[in-house]
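Listed after this line are the structures, all set down as structure tokens.
Shared between the two complexes below is chain A, which has chain B as its partner in the first and chain C in the second.
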Partner chain A sequence: MDARRAEGEVRFEKVRKVFGTNLVVRELDLLIRGGEFLSLLGPSGCGKTTSLRMLAGLEFPTSGTISIGGRVVNEVAPGARDVAMVFQSYALYPHMTVAENIAYPLKKRGVPRAEREERVKRAAESLHLTELLPRKPRQLSGGQQQRVALGRALVRDPRVFLLDEPLSNLDAKLRAHMRAELIELHQRVGRTFVYVTHDQLEAMTMSDRIAVMHEGVLQQVGTPSEVYNRPANLFVAGFIGAPTMNLLRGRAENGAFAHPAVRVGLSGHVTPDLVLGLRPEDIVVGEGPFESRIRLVEPHGHEQIAQLDIAGGDVLTIRADAALPLAAGETLRWGVRAARLHLFDAASGLRLDATCTAPQALAA
Partner chain B sequence: MAQRGASAAREAMAVPGLTAADRAAVNPLDRGYALLGMVLIAPTVLIFCAVIVYPLVSAIYLSLFSIFTPTLSGSFVGFRNYAELANSPEFWRSLLNNLIWTVLTLTLQVVLGIAAALMLNQAMVFRSLARSLILFPYFVSTVVAVLVWRWLFNDLYGVLNHLMMWAGILDMPLDWLGAMPNAMVSVVLVGAWKYFPFVVIAVLARLQTIPETLYEAATIDGAGAWGRFTDVTLPQLRDVLVVVVLLRAIWDFKEFDLIYLLTGGGPIIGTQTLPLMVYKEAFGLNEMGRASAVAVAMMLVMLVFMLVYFRVLRARGEEPR
Partner chain C sequence: MKRILGRVAFNLFAWTIVLVTAFPLVWMVITSVKPQFELFRIPPTFWPEQITFEHYARLLWETPFLLYMRNSLLLSTATTLLVVTVATLGAHSLVRFRYRGRERLAQLVLFTYLLPSVVLILPLYLMMVWIGVANSLLSLVIAYTTFALPYALWLLRSFMQGIPDDLENAALVDGATRMGAFFDVILPQALPGIISTSLFTFILSWNEYLYALVLVNTDEARPLTTGVMNMLISAFNIEWSLLMAASVMMSIPLIVIFAFLQKFLTRGFGAGGVKG
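Entry: the complex of A and B
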């Protein structure tokens, strides 16, 4: 098993990619451990798909090296890299049956017919495709086509699976189902999965680690809990989490974070200009030292999301139990769970190591 | 079986309370639209009858007579014209020539057309200029094109012989149009040159719609350039090639002016195809009845080939989409 893991290790070293005058990926340094499920997460145009395509060999890095299993693959043809890719559009060969589609990579590698049929059969069984083997792709639903695309990757037992937004074309219910199937598949095959998505929910639920990218720069790599609970900078803080984290700009004054609407004690070294990050669920509703007017309330069934107009012209999003009687226009008391708040340097956007101690009453 | 079960289930689930009168009710608007539809297609039907049905019927009718072309008078002979054709070596030779010409020039057109389309689909300098230039042979009038080619082929002062001798390919000037099999080769080549742009247009349009991800998937699956061509490009071109081959085959089979102007069917009847034989019988020998019989025979041959063509396509297990 260890050898299997080692051959699936992927390393990006100082990888740059320039399209014309457009810098798409700048200095990407990333180690993907063998056998791990790593998501490349970011908004569109952040360079995540380009990075994946460079790993597949469909794009060439402008500079830097990419290695798989310790071997530099910059000069290796896509078909010889021992990677398989699942595309957003599935890219099934329309004139071939499901069985022929799945068998295609084996055929191109000269696997004898008997072995080919055996392996196609096994892959089809594990993805519940056996009945669909004689059909053509156009006779399948989106979810079934997706599974065939996975089967075409799975049948080769490649070192690395590359998945480029494979669930985006599915409806919400099927997507949740396929997430579970993918997690299971990853555990079963024990291979490296590199998964590109702009959907943080997919990244959070499936990944061992998440690499957040923005404008061609890697922002943070960490487990879903690290990325969520200790965002490395303002971009990650604002990108991960729904509803998004509230970010309030304020100043360090007398050992406290000061904002016209919020005051929180600080311990540790801070810079003079600060941004305080408060996740909606870390705001205590109904009690606390602060008071604001409710702007609007969105009922979500099991909970409600409300926006407060707070002093200083900011808007604060909170989450409250569905049973609480909230109504727009009313005044609400609120507080914060100080230990769960995040502090960033306003100038650099980087996370500060300081912690918040306790909310303080505002000077009148 | 499953389908029958499903439709039975649908019957059973018919909306309760639906009466026979509900189903039989006709919207007066629908009746009005139907009338309008008939009025709109009437001119097409009339023109179709005048230019397709009438000539067809009269050709069949004329083929049963022995008719002197200038006076269009003659006597009923029944199937004698057909019997004579069946015993005429000239007819069979013309049919054979027709098949040779069609198969060879069509094959060349398709091969050249696909190759040119693939080239024009690549990113290259002056691509739009090249795309327009390649259509040139198709736009030039046949008379002009053939006159130019006859001049190039000329055995006394033609530039083709001159260049080939200069390059050392030939020792002696070749009689391109006056000897066999050179004449057939020349006709086939000029036909391919004249009509391959049609294949280029159709194939190029289809090439531009093939999703790039299919090529990328094939690349990662281990296909080389040739594999990507045979496993992605060709299958995607299949539908358009079916139509192109069918149309070009019909048009090549009944091609008249190009061959007539280039060789006149000669030497002797070396390149005489059935359309040229129809012309010769009707206006050279003044035998309108026999000419009509050749024309009808030609139509039957084309009909047979078309049936075979569709049968073969169906046998490949592909329902046309």
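Entry: the complex of A and C
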């Protein structure tokens, strides 16, 4: 099992990718452990798909090295890297049946016919595709096509699975179902999964670790909990979490973070210009030192999301229990869970190590 | 009421066009089976009083018609194979690979198509003489390729652009070589395009007249177009019945090919393994 893990280790070292004058990936250093489920998460155009395609061998890095299982693969053809890829469009071969699609990578590797059929059968069984084997891709639903694409990857038992937004063409219900199937599949095969997505929910629910990218730069790598609870900078703070984190710009004044609407005590070293990050779930509703007018309320069934107009012209998003009687136009008292707030340096955007102590009453 | 009138008018219009287009063809067939004495009768008969195949027999056994037919078949098939092979590979390259001047190259190809063939005939003839293939079927294959290839390249380029990149990428990751991916995945997808391009090229070569007239001057290499003209039309006389029989037989290969390939033309168009 350890050898199996070692051969699935992926390493990006100082990888850059330039298209014309466009810098798509800048100095990517990333170690993906063997057997790990790692998500590359970021908005479109952040370089995550390009990074994945470089790993697959479909793009060449402009500089830097990529290695799989300790071997540098920069010059290795895609087919010789022992990786399998699931495309966003599924990319099933339209003129082949499901069985032929799944058998194709085996055929190209010279696996004898009898073994091929056996392995296709097994892969199809594990993905509940057996009845669909004689069909053509166009006769399948989106979810079925998706499973065929997975089957085509699975049948080879590759060192690394590369998945490029594989769920984005499915409807919401099927997506939730496939997320569970993917987690299960990853546990069963024990191979490295590199999963590209712009959907933080997919990244949070499935990954062992998440690598957040933005504008070609790796922002943070960590477990879902690390990325959520200790975002490394303002981009990660704003990108992870739904509804998004409230970011309030203020100043350090007499050992406290000062904003026209919020005042929180600080301990530790801070810079003069600060950004305070408050997740909607870390705002206490109905009690506390602050008071603001409710701008609008969105009921979500199990909870309600409201926006408050706070002093200083900012808007604050809060989450509240569905039972609470909130109405637009009314004023609401609120406070914060100080220990769970985040502090960033406004100039560099980086997370500060300082902690918040307690909310302080505003000097009216 | 208005809708019915509109429909009737539309149908009348359509059928008029069909009749106008089809009449010369029908007349051609009818004339080819009329005996010689009935041809110039005034008033003309529409349905022949007597049906004869003597013109066909004469054409086949007493003239070099079959030789021309063989030349035309060889010529058109060879041109089609050459053009489609080169154009398929070329179009794939223009669509898939990134290299300097790729777009410019594609435009340049179209530009060559803008030149009237009359301008190119003499230089082409001189070049044929230089390389020593003048007055042969090969010279015509080369000449036809010069005008069929650019168009075929453009036709196929647009077909290839419709094939998603990911299909080829998937094949590459699955272990295929570039050529393997091309044969396994691209070619089957491009097949309708390849077939219509072949058809187009074949018809173009089959009907070509000008190059054949200028570049070839021997019965051994003459295709049907110039051969039939040369044989049946002289300054003093036009052999109408033979000409009509020849025209009918010249049309037959095209009709056969069309009938055979038509179903391939539409097949595969709507098929897609890709969603999105």
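Throughout what follows, the second predicted complex is superposed on the first by the 364 of 364 C-alpha atoms of A that agree within 3 Å, B and C clash if a C-alpha of one lies under 4 Å from a C-alpha of the other, contacts with A are read in each partner's own complex, and residues count from 1 in each chain.
The rule we apply is simple: a contact is a pair of C-beta atoms (placed from the backbone, for glycine too) under 8 Å apart; a residue touches a chain by one contact, two chains touch by 3 or more.
Owing to the predicted nature of the structure, the values given are computational and were not obtained by experimental measurement.
Colleague: After the alignment on chain A, I want to confirm one thing: do chain B and chain C clash, or do they fit together?
Modeller: Overlaying the two structures gives a clash between chain B and chain C.
Colleague: Spot which of chain B and chain C makes contact with more residues of chain A, would you?
Modeller: Partner with more touched residues of chain A: C.
Colleague: Now for A:Pro94: first (chain B), second (chain C), both, or neither, which partner does it touch?
Modeller: both
Colleague: So in the superposed three-chain picture, is A:Gln145 touching just chain B, just chain C, both, or none of them (first/second/both/neither)?
Modeller: A:Gln145: touches chain C, not chain B.
Colleague: Between chain B and chain C, whom does A:Asn169 touch in the aligned arrangement: first, second, both, or neither?
Modeller: It touches chain C, and chain B stays clear.
Colleague: Looking at A:Gly349, would you say it contacts chain B, chain C, both, or neither? Reply first, second, both or neither.
Modeller: Neither partner.
Colleague: With the two structures laid over each other on chain A, which partner does A:Ala56 touch: chain B (first), chain C (second), both, or neither?
Modeller: In the superposition, A:Ala56 contacts both chain B and chain C.
Colleague: So in the superposed three-chain picture, is A:Gly45 touching just chain B, just chain C, both, or none of them (first/second/both/neither)?
Modeller: Neither partner.
Colleague: Of the two partner chains, chain B (first) and chain C (second), which one does A:Pro137 touch, if any: first, second, both, or neither?
Modeller: second
Colleague: After superposing on chain A, check 23-31, 113-121, 167-175 or 311-319 and name the one in chain B that bumps into chain C.
Modeller: Clashes occur only in 113-121.
Colleague: Please identify the positions on chain A that touch both chain B and chain C, taking each partner from its own complex.
Modeller: Residues 56-58, 77-80, 83-85, 87, 89, 91, 93-95, 104-105, 108-109, 152, which sit in both footprints.
Colleague: Can you tell me which positions in chain A touch chain B when the two form their complex?
Modeller: So the residues of chain A touching chain B come out as 56-58, 77-80, 83-85, 87, 89, 91, 93-96, 104-105, 108-109, 152.
Colleague: How about chain C: which of its residues touch chain A in the complex?
Modeller: Result: residues 164, 166-167, 169-177, 180, 184-185, 188-189, 268, 271-276 of chain C touch chain A.
Colleague: Using the touch definition from the top, list the residues of chain B that touch chain A in their complex.
Modeller: Touching chain A: residues 211, 213-214, 216-224, 227, 231-232, 235-236, 238 of chain B.
Colleague: Considering the complex alone, what residue numbers of chain A touch chain C?
Modeller: For this pair, the touching residues of chain A are 53, 56-58, 77-80, 83-85, 87-95, 101, 104-105, 108-109, 136-138, 142, 145, 152, 162, 169.
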